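Here chain A shows up in two complexes: once beside chain B, once beside chain C.
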Partner chain A sequence: MDRGTAPCRAGPLLEVSGLNVAFATEDGEVRAVRDVDLTVAAGEVVGVVGESGSGKTQLFLAAMGLLAANGRASGSVRLGGEEILGLPARRLNRIRGARVAMVFQNPMTSLNPYLRVSTQMTEVLRLHRGLSARDARRRAAEMLDLVRIPDAARRLDAYPHELSGGMRQRVMIATALLCRPELLIADEPTTALDVTVQADILDLLAEARWEFGTAIVLITHDLGVVAGLADRVVVTYAGRIVERGPVRDLFHDPRHPYTRALLGCVPRLDADVPDELPAIPGQPPASGDPARGCAFLGRCAEAGDRCRREEPGLRGLDGRDPAARASACHRDTAAGGGP
Partner chain B sequence: MEVRSAVAGRSPGADAWRRLRRNRAALTAGAVLAAIAAACLLGPLLHPVPPGEVFWDAIQSPPDIAAGHPFGTDANGRDILARTLHGGRVSLAVGLAATLVSLVIGVAWGSVAGYAGGRVDAVMMRIVDVLYALPFMFFVILLMVFFGRNILLIFVAIGAVAWLDMARIVRGQTLSIKRLPYIEAARAGGLGSAAIIRRHVVPNALGPVVVYATLTVPKVILLESLLSFLGLGVREPATSWGVLIGDGVANMERAPWMLVFPAGFLAATLFCLNFLGDGLRDALDPRDP
Partner chain C sequence: MTAPPSAPTLLSVRGLRVLFRVPRGPLRRPAVLRAVDGVDFDLEAGETLGVVGESGCGKSTLGRAVLRLIEPAAGTVAWRGRDLRSLGPRELRSRRREMQMVFQDPVTSLDPRMTVGAILAEPLETFQPGLSAAGRRRRVEEAMAEVGLAPEMVNRYPHEVSGGQAQRVAIARAVIAGPSLLVCDEPVSALDVSIRAQIVNLLKRLQRERGLSMIFIGHDLSVVRQVSHRIMVLHLGRVAEIADRDAIFRDPRHPYTRALISAVPIPDPDRERAKRRLVLAGEPASVLAPPSGCGLRTRCPLAHDRCAAQAPALEEVRPGHLVACHLREG
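Showing the complex of A and B:
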């Protein structure tokens, strides 16, 4: 799996440990992310999969210090060995955009309608790399070319409303890559786009990874997106990681009932389409605060007594390191036939 | 050339400008406004009568083009046309300057308060509330007592009041803008708060601000008129539309022309500014094709 474009480095590029994110709301504290450990190696693509509200986006917003004002993060986030959680905004600003870039879900509103594409793209370059307006513009044009925007030099002078959604997402990706970041966090980069455009954008991300050795975190609810691009997959549910592993293992041998249910919801091309598309029954627990027991309890067909009593922790599967292949389910040892 | 402009580079601002030019009422209002402004600025060249000169042979005489007083003269024998044009300079200057001051302070104050949020926002907006509660007339009279009557003080006094509304409007805009994805994208790109406010928040808040500014100009002109009418405004021999209207009202029965002409100019200007503001609001509303 390791195709190794990564430069030699002692530790992982991004190392999240014991991260908690909570929001103070009028209804009390809402815990969006609970005790998450996660690593991303240099040059690696990690897919983070979960349904809406599973905390997958907040996890990375918290890591980058971009939480809403009522959000609080605790734990540890290290980038290249250096703690970045709780850094003052001034120092974070030197990391954001330069070492870690983000691409967001909605390309229609991610560009400022009053600024030309060139202005928004070169903004980052001039800020982080101190390039002159001329050089920055040239680099921006090259990058637009690279993300296969036709007639790039002239598109630079366009305003966002003159570009299509797919084109805008290309611009966002080009902007994110301009400073050659070590890590690109792509938050549902294809969700708002047509399927055909989706494939192009994913190709683009794959290319960026080979071209620049950029590590990519791909946040999505679409398992199909992850399958083609990611090396490793992390499945989140109700603010916790419930399963993780290399993409092949996870798809061929999903261990957590939630992962299995998610995979069961993907319509397959090689099978007849059922009259009704499968769905996971029930709802995730409100605001990630189950009183006791497993968060997936109410929706799990295999739940037993123990699931009601205590919340399962992440355990390594088949004797492997929990950081590599793990699932958080009491039933796994029994159902999976392991030790 | 035609094709290129269709492909790339038509800004939302240019679109709004195009829509404004299609709005006949706004366009006419703009033209009339420009004519009034030009008359006030250049008029004294075409009608070279000093506004303070007393014509002893024509005290309070009705309008008479042949005699060289197309708008008549006032109770002191001074030419009304010359005085209206000179008064217009003061009124328009007060209107523009005070609006500009309110624009600068209001936009800066409101956008910072809105973007910072939390305690900073609360403190800044309470300051606005307190200033708002200050009785305006009391404030002006106080200024006059301390510093004497001075046209600069009128700018200060009116500007100090006019920016409060602007700050509130900009803050409201900022609150909604700062939640938009492109602000988040800018933050994720490592831009500092000051740069985000300057480059991303303010340009997007400018639509309503421009509209409100065009509506502030008439408000300020009226305020100056009120001050002058009360005897707190510009001092003789300088004049403004407010002063002239005040004089006109006092002599309304014997010499209606003293009221009609300056009041006509003021009313036309206010009308035009309101039409222009309306037109701008329509033009800047992107939902309108």
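Showing the complex of A and C:
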């Protein structure tokens, strides 16, 4: 499905720089996110791809001030130019919900099972937009209609358990869009859903971008999900960004061995069935493993001496700005990708 | 779907029906949910049948009913020509050795208080009580090597191994006593992408090397396609379409099959954006209150009067390719 491309390229809406996230655990400090720089422009869809433990979720939880109590974030997170990392909860609450909304994998854990849909949806509007109960209810019904929930006015009086999984995720997205946020962070929004429902939800996100100009960060483990929707893609591994680029560059010319391996090991319907899938050996490192050298070392078919000695930094490819097209691999440099 | 003349078909399922009673409060009679509603299929030795469909289509229930982990309300499951329901408890137990299951969540499917070694030895203790302790140990070592587990993992507990390793343990446990049939219920859905390919390759290799028959239940069509010889598409407890793997993907006849296939995202921006999707309207119909006639008709863009009046029968469109749709000829 063609879900379009970004309408415009303004200055960054979200600007993350030098972000580090660490958790204090019984086994010592675990570094979940390391030295991440990332921007999201207004109206843009950025896909963030990674496996469990890659830090992709913690990165955005930290940016929104939602880390668990034992987590610490350092660095800088700017929203529309304003620093928001470390803001007091009261000011962050005003940003979350109004300017930035989040949608998670399991809508059942985000929806309060004891409250009717109407209560959960109208709360945002009354709190952030100061609407009356009546106006808020009307707006909520309009939004449910927009996300194609049939019989919206009646659904408002339902409890979450009375809705199907796909319907709940639509309610979550409708709630997230109520205040017309500038940025929607969707963390595995379709992972728990059937493929047909997944495709509907992805269409819905694409429409939200067009309708409201909402920028979207789409966090997922599924490369297929970002292929149709994202303008740019960021690949994360072991807490760092290992490759980024415009969606077509990244899919058609993946440069980091991990990106290449990840694309290779996904069975796909548009190709013949191979006898064996080219699997990636081993497993992703536990988050924050204090390994020397490149984090992908143990699973990489191309690793050399330098990869064992020093961790590769994220470098611009083919003379391009590292913020636009970059990979963190020594081999690419050796192959003539730059100094 | 005729059995070869030489050996009886390994598994022959006819008219299988599984009902659940769903309570509706103190004053109302429970509703009856037809989770599996008259399913027929054969499975030959060494064959993998993929079973796909959306959640609630009855695919997991079907897998469990075939193994008689759930008691079917009607129908027969014949194992090498003998109806499983005619077997007494002892005979059924010995059949269990031949039929094993692998579940979605590897960690919760393993006993947390047992080491990997003890988990793998257990089926041998049950099914081959005559085996010596040394013989058991050797078999455990062989099974671990076969599924790619390092020997030192033998003393680990399930929580001390990764999800991928836990699924290898579950697979080793399932095959260690030498079954003929393996029912895998979403065996890679809970695993990381990079681990999925490893486990898919492992299952495919075991199937081939041991000549296993496999029922591979999954919601991810690209994974199911990777392992299956034939594919059955279930919708609201009934077979919508069944055919050889390549026929299903090259020439899907049922609108539901086409909707499922076209909804699978393709990891290529150009192909994904050029793709035409067959969109089903609204939400899946409730299993508790399926529509009259064809179960898909409330969502199907091609539905017409006949679809409401009469449920389509499963009929052959070409040898081995069966479709339950009034419009099956296209």
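Heads up, the rule we're going with is that the second predicted complex is superposed on the first by the 316 of 339 C-alpha atoms of A that agree within 3 Å, B and C clash if a C-alpha of one lies under 4 Å from a C-alpha of the other, contacts with A are read in each partner's own complex, and residues count from 1 in each chain.
As a working rule, contacts are C-beta pairs under 8 Å (C-beta built on N, C-alpha and C of every residue); 3 or more make two chains touch, one makes a residue touch a chain.
This structure is a prediction, so every number in the text was calculated from the model and none was measured.
Student: Let's test your reading of the overlay: on chain A, do chain B and chain C clash or fit side by side?
Tutor: fit
Student: When the two structures are overlaid on chain A, which partner does A:Phe23 contact: first (chain B), second (chain C), both, or neither?
Tutor: neither
Student: Identify the partner contact of A:Asp222: answer first if only chain B is touched, second if only chain C is, both if each is, neither if none is.
Tutor: The second partner, chain C, only.
Student: Angle at chain A, chain B to chain C, CA centres, as a multiple of 10°?
Tutor: Value: 80 degrees, nearest 10.
Student: Given the touch rule stated above, what does A:Val195 touch, chain B (first), chain C (second), both, or neither?
Tutor: second
Student: Would you check which partner chain A:Leu277 touches, where first means chain B only, second means chain C only, and both and neither mean what they say?
Tutor: Second partner only.
Student: Is A:Phe212 touching anything from chain B or chain C once the two structures are fitted on A? First, second, both or neither.
Tutor: Touch status of A:Phe212: no partner.
Student: With the two structures placed on a shared chain A, what shortest C-alpha distance in Å links chain B and chain C?
Tutor: Here the least C-alpha separation of chain B and chain C stands at 5 Å.
Student: Could you give the residue numbers on chain A that contact chain B in one complex and chain C in the other?
Tutor: Common to the two interfaces on chain A: nothing.
Student: Taking the touch rule as given, give the residues of chain A at its contact with chain B in the complex, in rising order.
Tutor: Within the complex, chain A touches chain B at residues 64, 66, 69, 89-90, 92-98, 101-102, 104-106, 109-116, 123-124, 127-128, 151, 154-155, 157-159, 161-162, 172, 175.
Student: Inside the complex, what are the residues of chain B that reach chain A?
Tutor: So the residues of chain B touching chain A come out as 4, 7-13, 117-118, 180-182, 184-193, 195, 199-200, 203-204, 206.
Student: Report the residues of chain A in contact with chain C in the complex, numbered from low to high.
Tutor: The contact residues of chain A facing chain C are 1-3, 51-52, 150, 164-167, 194-200, 202, 221-225, 227-228, 247-248, 251-252, 261-263, 265-270, 273, 276-281, 283-284, 299.
Student: Quick check on the complex: what are the chain C residues that touch chain A?
Tutor: Interface residues on chain C, with respect to chain A: 54-55, 162, 164-165, 192-198, 200-201, 204-205, 219-223, 225-226, 245, 249, 259-261, 263-275, 277, 279-280, 282-284.
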